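Pasting the structures here.
Two complexes, one shared chain (chain A), two partners (chain B, chain C).
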Partner chain A sequence: MDLENQKRVKEYAEQYGSENLVVLLGASEGEAAGLAAETVTAGDPTYAGPLAGVSLGLKVYHICEPEIKAEIDEAVYEEQVSMMEMVLDVEDIIKEMSAIREQYTKY
Partner chain B sequence: MNRNAVIKGTGYVLVHGPDFVIHNGTTQTTERVVNPSSEYLTALPGHLRSYDKAVNYPPNQVYIGNLIPEDLAAYEFPWYDKEVPGAERYGRFGEIMPQDEFLGLVQACDVFDLVFLEKDFTAGVKEKLSAHPLLDDSILSRLKDGVSYEDIKSYVEEKHAEPLYNQGQLVGYVKQAHDIDASLSAHVLLENLVYKASGVLALLHLIKSSGSAKEDIDYVIDCSEEACGDMNQRGGGNFAKAEAEIAGLVNATGSDTRGFCAAPAHALIQAAALVKSGTYKNVVVFAGGTTAKLGMNGKDHVKKGLPILEDVIGGFGALIGENDGVSPEVNTDIAGRHKVGTGSSPQAVISSLVTEPLEKAGLKITDIGKYAAEMQNPDVTKPAGAGDVPEANYKMIAALGVKQGAIERSAIGDFVRDHGMPGWAPTQGHIPSGVPYLGFAAEDIISGKIERAMIIGKGSLFLGRMTNLFDGVSVVLQKNSGRRDGASVADLKEPAVRPVIGIAAEGSELGREVAYEGAALAERKGFKAIVIEGEDAHRKMEGMLGSGEIQAAVTMHYPFPIGVSTVGRVMTPARGKELYLATTTGASSANRVEGMVRNAIYGIIAAKASGVSKPTVGIANIDGARQTEKALLALKEGGYDINFALSQRADGGIVMRGNDLLTASADIMVMDPLTGNLMMKLFSAYTTGGSYESTGYGYGPGIGEGYDKLVLIVSRASGASVIAGAVEYADQLVKNHWKRIAKEEFEKAYKAGLKEILASVKTRTKDIDAGLPGDEVSSEAPEVPCKEIVTSEIHGIEVMDIEDAAACLWKQGIYAETGMGCTGPVVLVNEVNEAKSREILVKAGFIK
Partner chain C sequence: MAILKDKKVVIIGDRDGIPGPAIADCAVTAGGEVVFSSTECFV
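Then we have the complex of A and B:
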């Protein structure tokens, strides 16, 4: 996750409280999604950004996961996300995301 | 409605910059600030590739046009451990320049005394650059003498200069241009000067590959991601004009177009619109690259044990010109754009760029042969976790097609394969953005492989912190619709409205300018000529003849096959009358008399195709004239209508004497090519003392049975007026359908018994010309070895012996061909076999 985004996530967590924050990802593959998820839960695995060594344990989902899809108006989802849903390896993304959440999410 | 602009040429360059990776790539400079003793920085130098490795890297060979994208798909992924056998620095689109030469070019591009290089380093680089085919004195003379190492050290350590390195050695510096102004700091200037130099290199290759003259360029649009200016106007700009200045585009002005990675596509549309509107005729879209993004994903590459793949700076250029009826069109009527209100979801983006413009034009997603969006090399992006960018784009386009019902969901994979390509471009933002495919697209459309291509540029504007909006534009390239009257592209390869004649006149004794003067002179007379430059001008010329870009070529020497010889055309002094000399170079036959009979027919073809409807024929009074006369009379008797001339001399006859030459008693004077060559020189240069040929039309077109290339010869001493004359000669031949005339004349001659007449000539001349090598070879023809590429010319063999010499080599298992070089007959062999072939030919007595 790029340094600027890490900074923003960290600031929001301080401002609103980690328990009140959900991070929504749009990464195009499982590995990248997993890395970003790890960053906002366990901390920056590359030890390069503001979240290096900071375990926020935030709730984190990918936009294509069923939990999120269920929250969104069907027509809007169709218009905004359905095309990418077709392109992405959603199963792999769900697998990666679930694994990270099980391990690191505190909320 | 004005016609669409066309793509007239493209150029692509890479610059290998391993030391720039270490010292100037932002990933590395940032790391040096944050964590100077990091493992990454320590390991980095061990992961840098040598220049040769960078040249041999398959994606780089695709970028400069030595491989095509389909070739790359055949290499097993990943590619970083693959090498292209026989890879070369130069490709048909451009080159891969080594770092040391590039540092020299950077200095040559500096007009404010900001770049200094070490003395010995400069000397070495100067020598290397002087061998560069595209850098002439106007650029090379800009190189300074060099400074001492101590001087460099003091500027770097004490005066805020940016160091320049080569192979780990400090070899120069870039000075700051202002004490306080951050926009003119040494750091910014280094990036901008590197940028400028790579842009200039791209321009030079573009001009060369387009075959256009530098003077013809009206406008240049720089579409990179860099900014130049001082603190009062940080992005003041016009890199474009600064680069055009160094490249020598004297008639151009220009401007910069910016839009992050989308800028090249924006610029392409702007250029096409400027040309289509009639504002300018020839507009260049181009960009170089700079050091900042070198090694951008280096950490991931090093971590995974890969070489640093982002070690090259990219540049490109495309020439957009008026519709010529042949080149692929840029159809600005089918142009997509991501609007402010479009939204940023991938779906919205792809719809706005792909499906919306296509729908408006009544086209389906599958009507576009190839899409080119972000052509990033996946070898670079995949290990860095960014996936295969081109593939992701193709999948998105396909998915949109599924949603629209244009393709089945199960066909997404096929769509990606058929309408996509593997990525091959370096990851420098604007460089991979749609435009890497322009060169191949033009070729694929001309060859009929595809009908249309779509170039898509996308940009992430948030990086500038001014907006979170996304951006992008797209445009369709398509097959040329041909002439307005509905003639097809194929028809146009024959005479166009105004034939275009290429002049490949490298190596003139009168200097390079003579070709340009000749072209200008021809232009004033209403003919269209373009100068083809560079040491591979001949190869380029062949390509242009093949593609129909030019209809004829004028050049100084050309290896015509045996059977082809040239018909010269001069102005005779006594009556100011034109005379066709048949022939002046080449060899119509290894047999003298057969050759002269053929020459008579070649002369008739050239004269008729130049508009002389009933040319008269005379035979120069030289050895073999009487036999030739007999044969031609027999041919006439057989029904081939030869209009014989009568000698001015009292005794008449069709055999001509010296004064008949001066008065041009015949329109066509038949002779052997050696005599013709002599005459040519005399008639073209008798007023100047010989070293400068000032009158006439040159040595003329190569003519022979079934020979369908129109190549005209001038000599190294031919002046501008003769070159212009040759252009005029070529123009007439094209307009009068020379190929059709040649075919008709041969048909008529054969009908009149040419074959039998030539056969009897050969048997008779054997007795007459006893002692001359005859046709014995055919009776016991050796087996021809496997064909190979023959580029080495062996000179000095008698024309009569030339076939025997080749046969002699065949017997020894060496493949050889015969041809006519500029100084006489040649045997052509593969360069590997040259030494051995010479040995054999010396032994056999063919050469000394």
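Then we have the complex of A and C:
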């Protein structure tokens, strides 16, 4: 996750409280989704950004995960996401995201 | 329990995946309040 975004996530977690924040990702593959998810839960795995060593434990999902999709207006999801969803390896994304949440999400 | 309803939502979209504004449009319909939306680019 780029350094500016890490800074923003950290600021919002401080401003609103980590328990009130949800991070939604749109990464194109499982590994990238997993890395971003790890960054906002356990801390920056590359130790380069503001979240290095900062375990926010935020709730984090990919937009294509079924529990998120179920909460979104079907027509809007169809229009905004479904085209890209068809070319993503959603199974792999779900696997990565679930593993990170099980280990690191505190909320 | 709802995940997005009444929560502050931070969006990290991806230019090669789902971009930030598309995710933001979705999150709002689930009752989330989008406080930040960005689209990253891994090139």
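Everything below uses one rule, namely that the second predicted complex is superposed on the first by the 107 of 107 C-alpha atoms of A that agree within 3 Å, B and C clash if a C-alpha of one lies under 4 Å from a C-alpha of the other, contacts with A are read in each partner's own complex, and residues count from 1 in each chain.
The rule is simple: a residue touches a chain if its C-beta (ideal position, glycine included) is under 8 Å from a C-beta of that chain, and two chains touch if they have at least 3 such contacts.
Keep in mind the model is a prediction, meaning the values are calculated, not measured.
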Just checking: does A:Gln103 make contact with chain B only, chain C only, both, or neither of them? Give me first, second, both or neither. neither
Given the touch rule stated above, what does A:Glu71 touch, chain B (first), chain C (second), both, or neither? second
Just checking: does A:Ser55 make contact with chain B only, chain C only, both, or neither of them? Give me first, second, both or neither. neither
After lining up the shared chain so the two structures overlap, which partner does A:Met84 touch, if you call chain B first and chain C second: first, second, both or neither? both
Chain A: partner with more touched residues, chain B or chain C: C
Just checking: does A:Leu25 make contact with chain B only, chain C only, both, or neither of them? Give me first, second, both or neither. second
Mind working out whether A:Leu35 is in touch with chain B, chain C, both or neither, as first, second, both or neither? first
For chain A, which residues belong to both interfaces, chain B and chain C? 28-29, 32, 80-81, 84
Residue numbers of chain C touching chain A in their complex, please. 2-5, 7-14, 16-20, 22-23, 25-27, 29-32, 35-36, 38-40, 42
Complex contacts: residues of chain A adjacent to chain C: 1-2, 4-5, 8-9, 12, 16, 20-29, 32, 36, 59, 61, 63-64, 67-68, 71-73, 76-77, 80-81, 84-85, 88
Which residues of chain A touch chain B once you look at their complex with the stated criterion? 28-29, 31-32, 35, 46, 48, 79-84, 86-87
Which residues of chain B touch chain A in the complex? 34, 299, 343, 345-348, 350, 385-387, 392, 395-396, 398-400, 402-403, 409, 412
